[in-house]
Structure formats: C-alpha cells, structure tokens
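Below are structures written as structure tokens.
There are two complexes below, and they share chain A, which is joined by chain B in the first and by chain C in the second.
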Partner chain A sequence: MIRSLSTLTFSALIGALFLGALCLIAGESPVRVVEIVIQNSMLNQEDLAVTLFYSTHLMFAATGLCLAMHAGLFPIGAEGQISISCLATTVVGLLMGPSPFGIFLALLAGPLTAAGLGAVTAYFKVKKSSHEVIVTMMLNFLSASVANYLVSHFFQSSESQNPETGTLAPAFKLFSPLFSLANTPANSSFYLAIAVCFLGWFVLSRTRWGYEIRAVGLNHSVAAHSGISRARVITTVLIVSAALAGLSSFNQILGYNLKYQVGFSADYGFLAIVVALMASRNPLFVIPASFFFAILMKGSAELDIDTDTITRDFVKIIEGFLILAFVLAQKIDLKSLFSRKRIDDESSRA
Partner chain B sequence: MKPTLTLNRITKRYGDAFFANRNVNFNFMAGQIHALVGENGAGKTTLMKILFGLESANSGEILINSQPVVINSPIDAKTHRIAMVHQHFMLENQLTVRDHLQLEINSSSKTWGFMRNTIQDEKVSQLLSKLKLNVGLGTPIGSLSVVEKQKIEILKTLLFDPEILIFDEPTAVLPPDEVEQFYDLISELKQSGKSIALITHKLADVIRHCDYVTVLRLGEVRFHAAVAKTDANEIARHMIGDDTSASSDKTKAAADLSATSFKLQDSERTAPLKIYKFSCSDLKSIDLHVQHGEIVSFAGVESNGQNALIEYLIRPENIVGPIKGSISILGLPTVENLATRASSSDVRALNIGFIGPDRLSDSAILDFKINDHYRLLPHYRKDFVLKPISKTTISSAQQELDIRPNDLDLKIGQYSGGNQQKWVVGRETSHYPELLLACHPTRGVDFSATEKIHNILRGIRHRNRSVVLLSSDLDEVLALSDRIYVFFSGQIVGEFLPPFNRSEIGRAFGGAKPSSQKSGGR
Partner chain C sequence: MSLHGLEEYLPSLVQFCLSVLRISLPLSLAAIAGFWSERSGTPQVGLEGFLLLGALAGATLVKLTDSMPMGFALTLMIGAAGGMLFYWLACRIAINAILVGLIFNLLIAGIAPFITKLIFGSTGSTPTLDPALRWQFFPYLWAAGILIVSLILFHRTGFGLLVKFAGLKPEVISSAGFSLSTVQMCSLILCGVISTSGGFILSTYLASCYSPMMSAGRGFMALAALIFARWDLPRTFAMAIAFGFFEAAQIYLQSVNSPLPSQFYQALPYLMTLVVLGLRRQGLSEMA
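And then the complex of A and B:
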C-alpha cells in the first residue's frame, strides 16, 4: 500500500519535473501550460464530462491489467479488446433490436467477446507457450482489421460519410449522462468503473483467486508446490482482464455514442498500461492515475491552439517519462529511504 | 611422483560460520585420474571453481610445478592450461559449432571483442575424429544430442591443449551406453599425460576408472587414498560420516517410542502413503508404504531417486512416463496411469504438509508477509473470500521455534535463511497434517532450532500421524527414523529397521543390497 503510494507520487513528481523542463526548453512557461491543461479539462461541465469519460475507459482496462500484471503477465491487448467489444455490442444491438432480450444480449456482448480474445491469448500462452505480448499485439492488429472490414462491408451507416455503423435505438442507452448538458459523453458507467476498481482491489487482496494470482506472479514454482495451478490462474486472469477491458463498451456505446465509429479509441488500451504501471498495479490507485491521464489527454488537446510550440504530442512524451520514472521507482526501494525498519541479517541470527 | 598442480590448504567461507572448503589439499598428477566425491553441499564444485577462477578462496594457495600462481578468472585458468567441463552445458543453442570454437579461442586473448583468431580446420578435424564426433562445424548446437553437446564442451577445452582437466559430474547427463564411451575418452586423455579431476556421485565408476579418490564431507577432506587400496564401501562410509556412537541412544529412544505408538495404530485405516511397484522414467519398481505413527526416511546419496519420488508425490503432473504401478496418498490414488493422475492441487488439498527440498523454489515466497506466507498452505485459503489467519497460529509457531526478529509485519525475505526455514516448518506443521513430507527440515537452522524441529516431527508421530523424512544428514536420519529406505539409482536397495547398523546402511548408499530384505532388528 505504502509502496504503491510512494511509487505513484514519485512517478507523478518525476513526470511533473520533466514536464516543467520540457516546457522551458520549448520556451513556454510551465505554469501556463498547466493552466491551459487544467482549464480545459476540469473547469467547466463540458470539459469535465470528456475527462470523466476518458477516465472511465482507462479505469476498466487498467484494473484488468493490474490483475494480469500481478500474475506476472504483461498483456497489451486491451486496445483490441476495447474496439472488438464495442463493435460486438453495436452489432448485436443492431441485429436484435431494442427488445429487452436484445438489450440484455447487447450488454453481455461487449465483455463476452473481449473475454473471448482473452481466452485466445490464454490458449496460446498456456498450451503453446507463446509470449502474451506477441499474441496480444497480433490480436490488436487483427481486431482492428476485422472491425474495419465488418463495418465497411456489412454495417456501414448509409447516412454517414464516416466509417461508422448505424445508430442503435435510444432504448440501448442504459447508462444515463452524468451532466444535463446536451451531448456530454460522461455517463453513469463511470460509477461502475470506480466500483470495478474497488472490486479489483478486493479480489486481489482478499480472495483466494487474487491470492493465487499474486503467488503465481511472484514465484510460480512455489505456487505449484502449494497446489496452485499456473495454467488455471493464467487462463482465468487473462479472460477476466480482457472482460474488464470489454466493459468499455458500456461507456462508449451503451452510455454515449450508440454506434461504432472506426478509430474512436484514443489509444485507451495502451494508455491503460501506463496507468496500471503508474498505479503500481494497485486497482485503488488506478482511480487517481486514470483521472490524471484523462486530464492530460483532454487538456493537452488545447495546447496546439493555445501555445506556439507545444502540441498534443506532449502527452506522449510525458507518458514516456512516466514509464521511465516508474521503472526507476521500482529499482529504488523508496520505503527504505523513509523508514528505519530494516532487518540486519546478522543481528537476527540466534 | 611430483604433482603437476597442488591445491594447498584452500579455505572458502560464506558468511561468518559456513565453510564450503576448509583447509582442503588436493593434488593433480600427470597421467592420473583423480576422483572427488562427497554428498551434495560437501564442497566439491566450490573447490574446482576456485581452481578454475570462478570463485576466490579466503585462504590457501595454488601451486603449479611448485610455483604459486594466482587464478582470478577462467581466462587466468586457461593461460595456466586448466580446463573445466561444467555440470551444466555452457552452450548457446542458436550458435553453430564453429561459432563456439571461434568464441573459445578469442575469449582468452586480448582481442577487444573482435574475432581475430580463426580456428585451424585441420586441428579441429583431428580432435573431432579423436572424440568420435561426426558433426559439421556449421551445425547449430540446438540440433545436437546431449552426448554430442558434451563432446563439444570437451572439444572446446582441448583446443587449448590443457594439462589439467576438470569434469564436474560429466556422466550425470549421459545414457548408460554412452558412459563407457566417455570413460574410454578420459583414459585416452590420461594416457597422453593429462591430469584429470572427476567430480562424481557414482562410486562404481570411481572404482573402475579412477586412480585416486578424495572424499569431502562438510567442506573438509575426510578421506584420501589410491583407489587400488580402497573399495566402494569404505568410500561411502566416509562420505556419510563414520561416527557410530553419537546417535545410538537417541535412535534407541526413538525406536521405543515408535513401538508404543505402533500399538495405538488402527489397522483398519489405510496407510497414509502406499506406493506399489511404481516405475517411471527415472524410478524403477518402487514398493513402499508408510504407516500411521512412524517416521520413515528416504535415504541415499543425493539424487538417487528419493528426491524425484518426493517431487512426484507432490506434483504428479511432473512424472514422465511410461508409468507402472500406483501411488496413493491418504487414500487418494494420485497416480495409476498418466492420463488420470491427480494434480498438485488435488494432492495439496489433502491433509498433508510439505517442507520442500529447495526453499526458494518449493516453499517460500520472499515477498510475502507472514499472513500470505501461511496461505501457501491450502488449509488457509479454503474459502473464496479469505478468512483472517488466527494470530495464535502464527505467534505460537513464532514462539515455539523462537523465530527472530519477533516482528510479524516483515516479509519472509527480511528474515535470515534459518528463520525462513523455521517459518516454513511452522506453517507446514500448523494444521496437524496426517502426513508430513519433510525434506531437509533443519537445513540452515542452528543447533537449538534443530532440536525443536526434531521435537515437532516426533510430536507428529506421537499423535499417530506420519512423517516422510528426506535428509542428507545421516545423523538426523538415524536419530528420527523408525524405518529407512535406501535409494540407489532409482531403486530401493534396502529397508532398514532399528537398531540401525550404520556401516550396513553406508554399503547400501554405495548400491550394495543388504544381506536380508529387512536388515537390522536382530
């Protein structure tokens, strides 16, 4: 807990430091940059709605990643899982129509198809010993291509110039908007995302399955001798982690857009990796870390317009620094710097 | 004869008190094969690593032709024409034979990382034919057989035309028919005047192929002789120690105690462990049983099948077939054939305890705090939502075994090795197991804790429950056991009852079958 907290603050601090330095190099006042970012992400309902919408996406995917990373895995498939789950929800909704059963199926379609992708990853990992990074990377490309193909060949909306599907009936809007302003994306799946973070934390720290995940991640040989099946843990965690990323379909389709747009995702699945790392794999810290990144995403969009030298790619650079800072924070035992509770190996010997 | 190389009073210390080598003397003679034997952990490999420059000694000297030399790295060793063939191959599967040889001749010279020297094909092909090795230089190592890989390792060393050759358990990886070939090669090297050191566990090979033998035990030389003047029994006796009187009282007391508890036994109940004519890839027709209220030892020189058997009891999925016979633990048939064997989850769900032979890969996760450490025992993670572990369970283990420091908020890795071991013992006995598989239960713990752990094991027996003990410390085995099975090359060569006859057990360690099926108990 303390370790996660210190990693979080350390990463944020380093990030801020680099941010400042970067602004100065680019000839822009860091204070002004922060001002722009905050002004355009939180200070009015319209902007805040977008920020919360982003953070909902990040929380779902990053919580799943926390679970998988605790099992010693590093899947990067959330991006593909998000787009496939959103497409599946839309397609099921379009095909089934707004009957209660159709709505129910559309609700399940997202997490279930994503879980299917997770199961494919697990199959290759467990049965074929393929590395999950490679498999999920491939599945990301595959998902994007399949989604493009399906949309352009079968579900293209006749009313739109953009590559997108037709719109679902209003009855599919299961998650109501958080703000009364028209067309704001934030919806009540935001609360679900926060609940998922708490649930993720509870599962990891308080349940048998969460314990088994941690044991396998730390030392799978000891875990095996303790009767924990690595294959079972890896399979279940990859499936659940994917299903959580698939919950993004609630936010995107059933809470906001009601249609699938090709390329709708602003790399949520990849950003979620950074969020999970920054949260030090603790789902509780995913909440502030997601919010932090959502602010950066939303706020930096205005940097193009409001400053001369800094663009929205700024966020990408910050991401890079944060990953570096995270790796650093892992190497340095921060706790030992602040606390004296260290055990001298010699003195403990009888 | 004058030795070509002498190791003089070599001492290697780890920490304050652990001596891997203590005042060890060892001589290499030209044209002689010198065997270095001893239990695992006796210090054989450490000694040879010191000679090869992979470890540095705390004191002592190395003399070549009576001149002291300094060997700080394998490169130094090579310049003194010392070569070593390691127990585990130092080969890279993707590279070809030629790559390895190139690398070898370029690693010792100061070439700044450039491949300046090229191998002489003539010399290599000579060596290849000498080794009876028929592979092209462009063959990737990964496609070679184990035997061929070992020959490549030997070939690498011969490129230097070394005077001193060290082989660390060379035959461990070889199939039986290849072992003879290997020794033919060794004796050829011997005839060309090389000095050879051979680390091995196989006493029969020592007798047949070696000229001298040195026995290390607990880091010290316990025995040294010309092979012609000794035999396998004598060597085995020195390997396992020959102080016969030390534990006889304890053994007797243990025997008395077990006799009384034996009467309490309910003969209707099935034996906690029954192994019926079990064979697999590395075990042959293992037939044994463990009754209620007894401590049974699986003894033998390390890696003669007893370690594998314990692993298969806990992790049946690791058995490599074909399987014959069966194993049942606490009434659960865990192994009958390859397809239906139980998983380690099934086995661990039984009321058993398991103290693993290698703490860090079997029993303890260093990043876990005490609570999570206890949950490695399935007993403490029965419900999906985990219940807290009672404080008394943990603190009673802490007090009983005097685990220090007395701070339950630490990670396991923050305790010293001995205290980690105590936490493992504490955990695996905290649920009063019906059957405890205890491998080296006192490894790394101090004297008083050893006594405490022994008492815990006796306590389990006293409750009419059972212990399987695997220990490389024969004194411990003799002090605790009610019966001893001695393993030799994947088979049980003898079953012993108290009062134990140390020398007879020693002979069984060397592979000799005891005169009667059940020895002792006269």
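And then the complex of A and C:
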C-alpha cells in the first residue's frame, strides 16, 4: 500500500513536470491550464453533474478491469462492452415497452450482453490460448460495426438527423437525477458505482474467489498446485469484469439519455484502463482516480476555447504521460538503466 | 460475357485494381512492419500510432521543406527514433509491450493536434500540399522493394535467422554468442521505419494533408492481417491486399447499392481474424 502510494506520487510528479514543460513550450502558463480545467469541471452544478456522470462510467469499467488485472489479464474490451450493453438495453426497452417485465428485462440486458462478450473473450483465452488484448481489440471493432449496422438499419429514430435510436418511455428512467437542474446527466447510478468499487475491493481481498484471482495472477502454477483451476478463474473473472462494464448502461440509458446514440462513448472503456492502472488495481483507489480523470475530461473540453494553443486532445497527452510515468516509476531502478542486463518482465503485472 | 462487354468493363476494372493497390499501400507496409516486430518477439499493437506518426511527420515535413524526398528521409528518421523509443521502453525497461503500444497510440493521437496547432495554427489538419509535389509511382516501388528486401533479409540472411530465434527461443541467441538486445533493437527500428513510411504514403499520396485519426484503424487491420496469415510474410502481404480490396469494394459498392451493408466490409478484417483464432488448435503459438 505504502509502496504503491509512493510510486503514485512519484509518477504524478514526473507527469506533472512533463506536462508543465509542454504547456510552457506551447506558450501557456501551466497554472492557467489547471485553473481552466478546475473551473470548468467542478465549480458549478451543471459542470459537476457532467463530471460525476463521467466518473460513474469510469468506476464501473475500471472496477471490472481491476479484477481482471489481478488475475494477470489485460482485457481492453470495455469500450465495446459499454456500447453493446447500452444498445441492448435500448433495444430491449423499445421492443418490450414500459411494462414492469420489460423494464426488468431492460435492466438485465446491459450487464448480460456485456457478460456475453466477456464469455467470448474467455472462450478464446482459455480454449484457444489467444491473447486477450487481440481478441478484445477485434471485439471492440466488431461491436462498433454491429451497433452502427443495427441502429442505421433497424432502430434509426425518424425524428432525428443524427444516428440514434428512438427514445424510451419515461418509465425507464430508473435512476433519478442527482441535481434538481433540468437535464443534468448525473444520476443515482453514481451511488451504485461507488458501491461496486467497495464490493470489488471486498471480493478481491476478503473472499475465496478474490483469493483465487490473485493467486492465479501472481503465480498460476502454484495456484494450480493448490487446486485452483486457472481456466475457471479466468473465465469467471472475464465474464464478471465485462458485466461490470455493462453496468454503464444504467448510467447512460436508464439514468440519463433513454436512447442510444452512435458514438456516445468518449472512450470511457479505454480511459478505464488508465484509471485501473493509476489506482494500482485497487478498486478503492478507483473512486478518486475516476473522479480525477472525469475532471480532466470535462475540464479539458473548454481548453479549445480558453487557450490559444492547447486543444481538448491535451487530455490524451496527459493520460499517455501519466501511464508512462506510472509504469516507469514502477519499473525503473536507476542501476538497471545503465547496466547491459535485461530485466525480466514480471509476467503481466504492468 | 462477350468480348465486347469485357472491353467496356476493362478500363474500370484496371482502375479498380489500381485503386485496390493504392488503398492497400499503408496497410501492407504496416503489416510488414508488424511482422518484423512480432517475429522478434515484441507484440506490436502500436502500429496505429506509428502510422499516424508517419502521416503527421510526412505532411508536416514535406510542407516545411517543400520537397518530397527530403520530407520522406526525415520521416523515416523519425520512424527509426520511434522504433528506438519502443525498444527502450518494451525491451530495455521491460514494460509490457502491449501497454507500450497502447501508450504509443494514445500519445501520438494526443500530440498530433498539439503539433499542428503549434506549427500551422490549425486544430487537427495540416495545410494541403502542392499537388505538383505528389509522387507518381514511387510508393508502389517502395512497397514492393520493402517486401522483397524483407523477404530476403528474413529468409536468406543470418540476421533473419536471429530474428526468428528471438521470437521463438530467445535464450538460444545469447548461447550462440549474439546479443538479443541488438536483434530486437534492429527489428523494432525496421518496424518503426517501415510503418512510418506507410503513414507518409497515407498522408502525402492517398491524401494531400494530415487529418486527425486518418489511419482509421489500418494499424489494427494490419495486425489482423498478420495474425490471419500466421506471421508468414507473403501471406501477410496477400491479406493486406485483400483487406485493401474490401475497402475499395466498400467505397465502390456504396455508389451502386450493395446487398450487404457497408458495416459488413468494415467489420470483415476483424471478424476474419477472430474466425482464424477460433479455428486453430490450442497452444499453436503464444504470439496472439
């Protein structure tokens, strides 16, 4: 714990130095950039609502990723799982109508379809020993195409010019808004996300399954000797982590939009990887890390307008540098930098 | 079909074949680049970033130097530097190579608008290049040359043998008195140079400026081609051409009214890759 906190501080410092230098190169004051980001993400209710909404998405997906990463896996499929689960929720809702049964099915549809994608990943990983990164990457592209196809050919809203489905009945709004202002996206699934983080921590550190996950991740041959089936652990953890990413449909569809818009996701699934890494795979740290990245996402959107040279893509640079700094801080010890000896990769810890 | 009908179709057929070749240039170069990296034992998911890097550097440098060969040479050097950086992070510091690839993609996508804004004052794209500068047929020669050189280098030289061993049994290399690091470094520099040249062709030959995210998943498609062809160079190249064919067909069919939706052609490379991964027996190769 102490060690991971100190690497976190160290890497945040390196990252901040890098980024400050970059701002100076661009001729902007770093202090002003920070000011703009904070001003536009937290200081009034409307902005704060968007920030909380983003962080809800990140918490769901990142908690799932923490579980998978503890098992030594590095799935990057959350992006596809999020969009497919949101689409499934909307489609089930549209087809079943606002009966109690329909609402119940819509609630289940998101996590279940995402879990299905997780099961596909697990099949390839366990039965075909394919690398989960490749499989989930392909599944991400496939999900995007399938979602585009379904929306444009079957569910396109006749009232809208944008590629999106029709709107669900108001009865589907199961998660009430957090703020009384009209149309703010933050909703009560935020609390669910925080609960999921705590639950994730509890499962990982206090249950038998969590122990098995960590055992497989640390040393799977030892785990096998103590009677833990690697295949079973990998399968279950991939399915559960996908289902958690699928909970995003609560936030996006049942809590806010009530319709599926093509391309609604602002790379939540990929950002969640960064969040999980920064949280050093601890679901409890996911809560502040998600909030931090949500602030970056929301705040940097205004950088285009308020500065001359820094664009909203700056957040991508920030993410990139932060992961890099973080992984470097974990890996580098200065002696090895100058020696000719290769360091053995500690399996897939990074 | 009568001969007369064929004559009528011939010019458009030739045109179509040419456009297939044209479209598959960046893709096939990226696939060859990925081949060098993966055969030397470094999983390569950063091809998308390398392509973007080449596209950005190419459009920017050609604009600044006003000369195609000059811009090309500088871009290749940047590509080599990118390959070196990748080697340093993935092999020297031993960060998980897949993570390095993802960081690469993220950083380059983020830095690109920053650079265009700094140099040209525009968010995202670079200014259009002078059409007089555009190459006529050099890109085809370059791609063919890279393919032939890669084939010879890999199958007929000691270096190729070392790369093969670096991927399959790295411990053999040091037992035989060679340096694994050097082999990996050379392969990754090759990977960087070849893939950025693909990006260069993308922004200066297929288009006439850099626009955001113009690689449009080609790096991942190249990876898909590589896996589909089971890391065999001629087959990989053929797959890249085939994916180029689907892309060209998709553009062509959109104007005609095709029975299959355009999304099908977009998804095809990824679907095929999954099918291949699903068909193979367990534990054939740990590479993907």
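Convention: the second predicted complex is superposed on the first by the 328 of 350 C-alpha atoms of A that agree within 3 Å, B and C clash if a C-alpha of one lies under 4 Å from a C-alpha of the other, contacts with A are read in each partner's own complex, and residues count from 1 in each chain.
FYI, contacts are C-beta pairs under 8 Å (C-beta built on N, C-alpha and C of every residue); 3 or more make two chains touch, one makes a residue touch a chain.
These numbers come from a predicted model, not from an experiment.
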{"item": "Touched chain A residues, chain B compared with chain C", "value": "C"}
{"item": "Partner chain in contact with A:S229 - chain B first, chain C second, else both or neither", "value": "first"}
{"item": "Which superposed partner A:T207 touches (first chain B, second chain C, both, neither)", "value": "first"}
{"item": "Which of chain B and chain C A:S99 touches, first, second, both or neither", "value": "neither"}
{"item": "Partner chain(s) touched by A:K127 [first = chain B, second = chain C, both, neither]", "value": "second"}
{"item": "First (chain B), second (chain C), both or neither touched by A:F314", "value": "second"}
{"item": "Contacts of A:S221 with chain B and chain C, given as first, second, both or neither", "value": "first"}
{"item": "Touching partner for A:S29 - first (chain B), second (chain C), both, neither", "value": "neither"}
{"item": "Set intersection of chain A contacts, chain C complex versus chain B complex", "value": "342-343, 345, 348-350"}
{"item": "Residues of chain A defined as touching chain B within the complex", "value": "206-209, 211-212, 214-215, 218-219, 221-229, 342-343, 345-350"}
{"item": "Sites on chain B touched by chain A in the complex", "value": "16, 314-315, 343-349, 354, 356, 360-368, 372, 375-378, 381-386, 402, 404-405, 407, 410, 414-416, 418-419, 446, 448-449"}
{"item": "Chain A residues within the chain C interface of the complex", "value": "22, 25-26, 74, 76, 124, 127-131, 133-135, 137-139, 141-142, 145-146, 148-149, 152-153, 270, 273, 304, 309-311, 313-321, 323-324, 327-328, 331-332, 336-337, 340, 342-345, 348-350"}
{"item": "Touch list for chain C against partner chain A, complex", "value": "43, 45, 89, 91-96, 98-99, 102-103, 106-107, 109-114, 117-118, 123, 180-181, 217, 220, 223-224, 227, 261, 263-264, 266-267, 270-271, 273-274, 277-278, 280, 282-284, 286-288"}
